[in-house]
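A quick write-up on the structure given underneath.
Labels run A, B, C, D and E following the written order; every chain starts at residue 1.
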Amino acid sequence: GPDAGTGGEDGGPIAIGVLSDLSGATADVGTPYSEGIRGYVDWLNANGGIDGRDLELKLNDYAYDVARAEQLYSQYVNEDVVAIQGWGTADTEALRQKVAQDELPFMSASYAETLVDPEETPYNFVVATTYSDQMRVALDWISEDAGGESEVAVFHHDSPFGESPVADGKKHIDEKDLDLGYKSYAMPSGATDYVAQLGRAKSQGAEYVVIQNVSSPAAVVAKNIAQQNLDMKIVCLNWCSDELFIKLAGDAADGHVMVQPFAPPNSGASGLEDAAQHLESEGGSLEQKGLHYTQGWYTMHVMAEGIRHLVENGTEVTGPNLKQALEEMGPVDTGGVTQPVEFSAESHKGVDGTGIYEVSDGEMTELAAEATP
Amino acid sequence: MISRAYQHPLNSSRVPPGETLLDVSGITLRFGGITALDDVSFRVTQGHVHAVIGPNGAGKSSLLNCLSGLYRPQQGSATLHTRAGGAEGNGSPEAAPTTTHDLVRMKPHRIAALGVARSFQNIELFRHLTVLDNLMLGRHVRMRHRLLPSLAWYGPARRQEIEHRELVEEVIDLLQIQAVRHTPVGALAYGYQKRVELGRALCLQPALLLLDEPMAGMNAEEKEDMARYILDVHELAGVTVMLIEHDMNVVMDISNRVSVLDFGALIADGTPAEVSSHPDVIKAYLGEELSA
Amino acid sequence: MTSSTVDTQRAAGDPGAVPGRSLLAINNIEVIYDEVILVLRGLSLEVPTGSIVALLGSNGAGKSTTLKAASGLLPTEHGEITDGSITFDGADITHIDAAERVKRGISLCMEGRHVFEHLTVQENLIAGAYTKGRPSKSDLELVYEYFPRLRDLRSRTAGFLSGGEQQMLAIGRALMAKPTLLMLDEPSLGLAPLLVQEIFGYIERLNAELGTTVFVVEQNASRALAIAHHGYIMEQGRIVLEGSATELRDNPDVKEFYLGLGEEGSRKSYRDVKHYKRRKRWL
Amino acid sequence: MPATATGVFHRSYASELRLRHTRAEKARLVLVALLVLTLPFLVSPYWLTIVNQIGIAIVGAIGLNILVGYTGQISLGQGGFLAVGAYSSAILHLRGDLPVPVSIALAVLTTAVIGALFGIPALRLKGLYLAIATLASQEIILFTVRTWDAVTGGTDAISLPRLEMAGFVFRKDFHWYWIIAGFAVLAVITGRNLFRTGLGRSFMAVRDQDIAASAMGIDVTKTKVLAFAISSAYAGLAGALTAHYTGIVTWERFTLDVSVLYLAIIIVGGLGSIAGSVYGAVFMITLPALITRFGQDLQSAWSEAAAKVPAVQVIVFGLVIVLFLIFEPRGLNRIWQRMKDYIRFWPFRY
Amino acid sequence: MTEFFQLTLFGLSNGAILALAALGFVLIYKATSVINFAQGHFLLIGAYVFYAAMLVFGFHWSLAILIGVAVAIALGVLVERFILRPMIGEDAIAVIMVTIGLSSVLGGGVQFFFGTSPKQTPQFLPSGSLDIAGATIPYSRLAAIAIAAVVLTAFTLFFTRSRHGIAMRAVADDQQASLTIGISVRRVFALAWALAAVTAVIGGILLADLTGVSANLAGFGLVVFPVVILGGLDSVPGTIVGGVIIGLLVQYSAGYIGNGFEQVVPFIVLIAILMVRPYGLFGQTRIERV
């Protein structure tokens, strides 16, 4: 039967399974993220691997279809991978029991706070600031920006992903006794406008709109705000805090704010250089790929560092050992792309700080580097 | 009964021959502005072949549709008389209590359960099913259908499939369609389909058999065959038949009584001879040439 | 096959067509449905210009299939002509498109009417003139003149007409294309006696007045042979008997099986037919 | 025309009503049984996951085929009914503290009732109008699941413990195989049985000609509602199995795509055929897996264009379905029948 | 009151666009009795071709639209020739499945050429907005209403007046009979598919202007189902009424109820209306006589 993989015989390549959405509902951001993972591994292997051992990616498209993710997961287990890189909420949820049972560390781009407790989900690792922390940071920032009192409307995707930080935000306001009004609005997918929701937000008196959704709908909200001449500032969390939002919203993006744990290409963080050089050597550029590429790159980097820890200590590379290494090896430096990532046996939350940016002249300019809730 | 040794009676009506089986009274049916039937009244006697004739669009099919519950007339009633006992019942029918049912107020499947069976003008068979399945569907109201035994092919579900098959085989034999038993009806030649449709109605063990143009589209030879089957059912099994037919030769030869519709109204009602010399009928339906 | 004698006084409508010459010729065709069911087995017949030809046969003999082969409808039913040829007005049309055949002058009035149920009567007629562009008032008037009842019904939805009315509409629609050859599949099916009489009257008139060649498939053999010049009888995919209408009417087998007449020539009563009736086939 | 066994003579109606007659048919049955029994020992765990997914799909597809293929009521709501089955079994098990077999049985019943309820529009609607109404039921069910926090837990997934029976924990695909295969076989057998009894015949009658069916004494209303109920019961079973097998219930698993997938299964397999449902499930679940494999090969053979591979995979998936249906619109079952006919009648044509 | 007015205006403009997107369905259904599940992907192709012509190749927007239309016609004709024609006479549901497969091919094709990342919207409708009684409505939405009105009126006239329109309806009724009167069923099918593709291009361009050019546009193929059914599958004016009703319903329920209810309200209303009118508001009743 399939148990934790061994990573092949000593000295051989170490296999990692990757579930990517390259053609499904979230392929727009899934593609650069997946390319980042692959780019990192190519770069790593080209530079001697981990003490001479290569990483071998088993990377397949699961088209955001849970059943396909489960099939691929079985395939990876069968192919003796030592860890899994997943992607969205759906596959992360569907596999969290299985990875615990098969003892395979699992990282994904789903940053729900429900995944950071090792008691519940012992093999899930959340590399970036959780959605809830991002929300907390956003609310703190709003409270400060508004000078205390204000009204906040939360526009969220109608799914577990979208709802993930909503309740925690409310709790945060109560706990920190912020003087913020707070209401949430579901964003139906496929809408041509969010004028009705904005109208409700307006009657709420909202001055800030926190968006937990991907870029295209967020850009529509930005355009609607501009067209309606509303006096509202958008605060995007993670998945709409990217170049795409700026590109799609155009002029309407200016002045809005983004909470983004990963440094954008123009930030000059030293950790971006390797990625940029690697892409240039392949005839691309980091500007063109955008920050989700970096996100994939460093998510993979953190996992690779765990493996390096094992290899350097001469420990066999297995799932359980990797879990232990990730918990014990101390902080991973990302060259300023994120705060150092550190897990422990008590918490699988890698980071709790995030950058805050403002859009001005079509660029992300930093407002705060390491905001923590 | 029927000359060959059939065990199952095909006629389920226990109304004694000569008494009224069906009493159509004042039926009026409108579609939007069109009056398809206009205050139509007549009686059908048990044991008769009762023909309904009339020009195209006169409302003949609509009348049958009213009787089988497919159309709901705005006014009027159609009273079917039944006597207790049913097909296999014993005892003298004269003594049995009479019940009446107003067909125009009933759902089609209830009417069928009373033994009113029919065929359709444009062949409405279950095209993808075999002849056998079509005929077995004629037995539907005489069977009990329970879910779990059906799923398990167990007990009553299995037993009744075999029991009812016997009567169906008799009908197959009567209509001489043995060879095509397992053929999907959609693949059958027209004449066979017409026969299967008659068979499906017979499997219901009808108290009243409604036939809508059973011989349309047949040549003389085939009509003879079909006439023979209808006569067998009528003469030998004693089934009362209501028949719509455009071939006057057939109507004259096999019916006991004829009702004539024109523009939805009953313009004549009587024996074939009376009707065929009725001036209104000649004018509206037969034409001069044929009346001779 | 003997060339039939046709009354050449009847003028042909189409100036190109020579009266008496065969307008439609079916040569030895074989038709297969679904790649397995062989329905026509080497069937040949001819329809001379300006004539009325009747095709008789029992159910399932392949009459409708013959008409479908001639009008190019077989492909829509998974049927195909695997052997033989069909010529129309001298040109080979065995494999050309159905719509193209209408343009060349062949119209079929299908069995079972097939009116456009959701269109009004008038729209049905307009659709009938599709190959001629927008129909002129006079074309419509011509049809209304032949079938006055249609005029009253012109804005009614065709699907709700009675059978007879639909049959008139179907013939009227076929006429709108001004065919040289009108093929009718069981035009009397389900019609009241008076109407049958009328419809056959119209067919005769069409032939006489407009010079339309008519090829008619009928079960009502006595009617068909009464107006036809020539007739064919088919069984199981082959022509088994052929001759002028008068010859056929006098043939004892035709009398018995198609005209329902007894040996002595008088009509048998349907009551007298017995179970063990002799079944004769011409095979 | 389906193939009929020739050269077989029956002495009683009972023997004629048996499902299998010829020696070849019996031999095939034995082969299939052997395959079912040995399969989990032969394939890799990866393929076993796929096999289990196929097994569940067979149950759901038979349900849908009963409704669409046999009763003629097009449904785009299968995903919704799967969700009802999954959620009700999960909730009954977790909150109601019922043992899994009981919660599954109750889930089947619940889904049947809800299916019957959503079948009511079928009494008035036909064809595509009905299809869209069932699409509406799909949307309404999923919306209810997402918003009825108190019962379903809202948009969050419900996590279920591993199935444990009599001290044995069903942990692996290998263990689950036996449960799923058992239900799949049961679904096939009950499906076959249903359609050799009067009840199943009445479904087909309603499909072919509902007016004539009512005139023959079939209560069309009751039949349609019953068809919805039975069909949903199978869907409920498939949903409940999915829930316990995967250990996670999330509404994202039951979206419209799933309804469409099930429709694709029965169309590609063959409408109105139990065997077709099986073939369709095998085909439609294996196809993406094969295409993924093909993508892997393509990637290694054509590495410069690796980025294009996902798009190519999507295109290939669509093309296979299109070409398949152009080649044989009546599905895999029909191809199988033709093959059998061909062998039987060879070398004679016609 | 202002809010109501605002919601109404947006509801109307959404309705107009929905009606346009729905029109393609109706055209194809009317002539071929097929529900085209790939309609959303036609919208997608329309938007991407327009995007490519205008932003990648730098044509003027008017030329870009013409290119879009030309590509659409070619696509419609190709689809008819190679996919639908072999299916003539087959069960409608099998044909539906083919269109589902087709949608996969088209979606994959767009991804092949343009990748997965959303594209910048080609701006061609006037920007800025108009204040009416306190409500603010962008010019682009007013333009959408106008374009939709023109296109829909033209099609309504086409079906009732032109002989090709009648021929299309005839083919929908009875393909064989249409052949017997010389209507080339193939040509009518090709025409229907080409016209549907053209309307999809127009709809796609308008939608792209509002929501951006991305794979999500394909989702509109499903969003318009309630519209089509509400109006009646085969009624061109029905799409307008259905579009406006659904457009308004969604806006009102989003504006006054919220909580995502706007996603189900159209469906609930749809079922309610269908229970009273089983063929939608204007759909033609199927004639069933025995």
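Note that in this section a contact is a pair of C-beta atoms (placed from the backbone, for glycine too) under 8 Å apart; a residue touches a chain by one contact, two chains touch by 3 or more.
Here's who's who by UniProt: B, C = ABC transporter ATP-binding protein; D, E = Branched-chain amino acid ABC transporter permease.
This one's a predicted model, so the numbers in the text were calculated from it and none came from an experiment.
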Quiz item: Looking at the contacts, which chains touch subunit A and subunit E alike?
Solution: D
Quiz item: Measuring between mean CA coordinates, which chain is farthest from subunit D?
Solution: C
Quiz item: Count the touching C-beta pairs: is B-E or D-E ahead?
Solution: D-E
Quiz item: Whole-Å distance, subunit A centre to subunit C centre, using C-alpha means?
Solution: 75
Quiz item: subunit D to subunit E: how many Å between their CA centres?
Solution: 32
Quiz item: Once you find the CA centre of subunit B and the CA centre of subunit D, what distance in Å lies between them?
Solution: 41
Quiz item: CA centre of subunit C versus CA centre of subunit E: separation in Å?
Solution: 44
Quiz item: At which residue positions does subunit E touch at least two other chains?
Solution: 108, 111, 115, 259-260, 263, 289-290
Quiz item: Going by the touch rule set out above, which residues of subunit B reach two or more other chains?
Solution: 70, 120-122, 124
Exercise. Among the residues of subunit D, pick out those that touch two or more other chains and give their numbers.
Key: 146, 211-212, 215, 307, 310-311, 313-314
Quiz item: If you look only at subunit E, which of its residues touch subunit C in the complex?
Solution: 88-89, 163, 166-167, 169-170, 172-185, 187, 284, 287, 289
Quiz prompt | subunit A-facing residues of subunit D, complex | solution = 44-46, 48-50, 53, 146, 154-157, 159, 162, 171-174, 246-248, 250, 252-253, 257, 285, 288-289, 292, 295-296, 307, 309-311, 313-314
Self-check item: Complex contact set, residues of subunit C against subunit E
Solution: 71-73, 76-78, 97-99, 101-103, 107-110, 114-119, 123-124, 126-131, 133-134, 157, 159-160, 173-174, 176-177
Practice problem: Using the touch definition up top, name the residues of subunit E that touch subunit A in the complex. | Solution: 3, 6-7, 10, 14, 17, 108, 111, 115-118, 120-121, 129, 136, 138, 207, 210-212, 214-216, 219-220, 223, 250-252, 254-255, 258-260, 262-263
Practice problem: Give every residue of subunit D touching subunit E within the complex, in rising order. | Solution: 68, 74, 121, 124-129, 131-133, 135-137, 139-140, 143, 146-147, 211-212, 215, 256, 260, 263-264, 267-268, 271, 307-308, 310-322, 325-326, 329-330
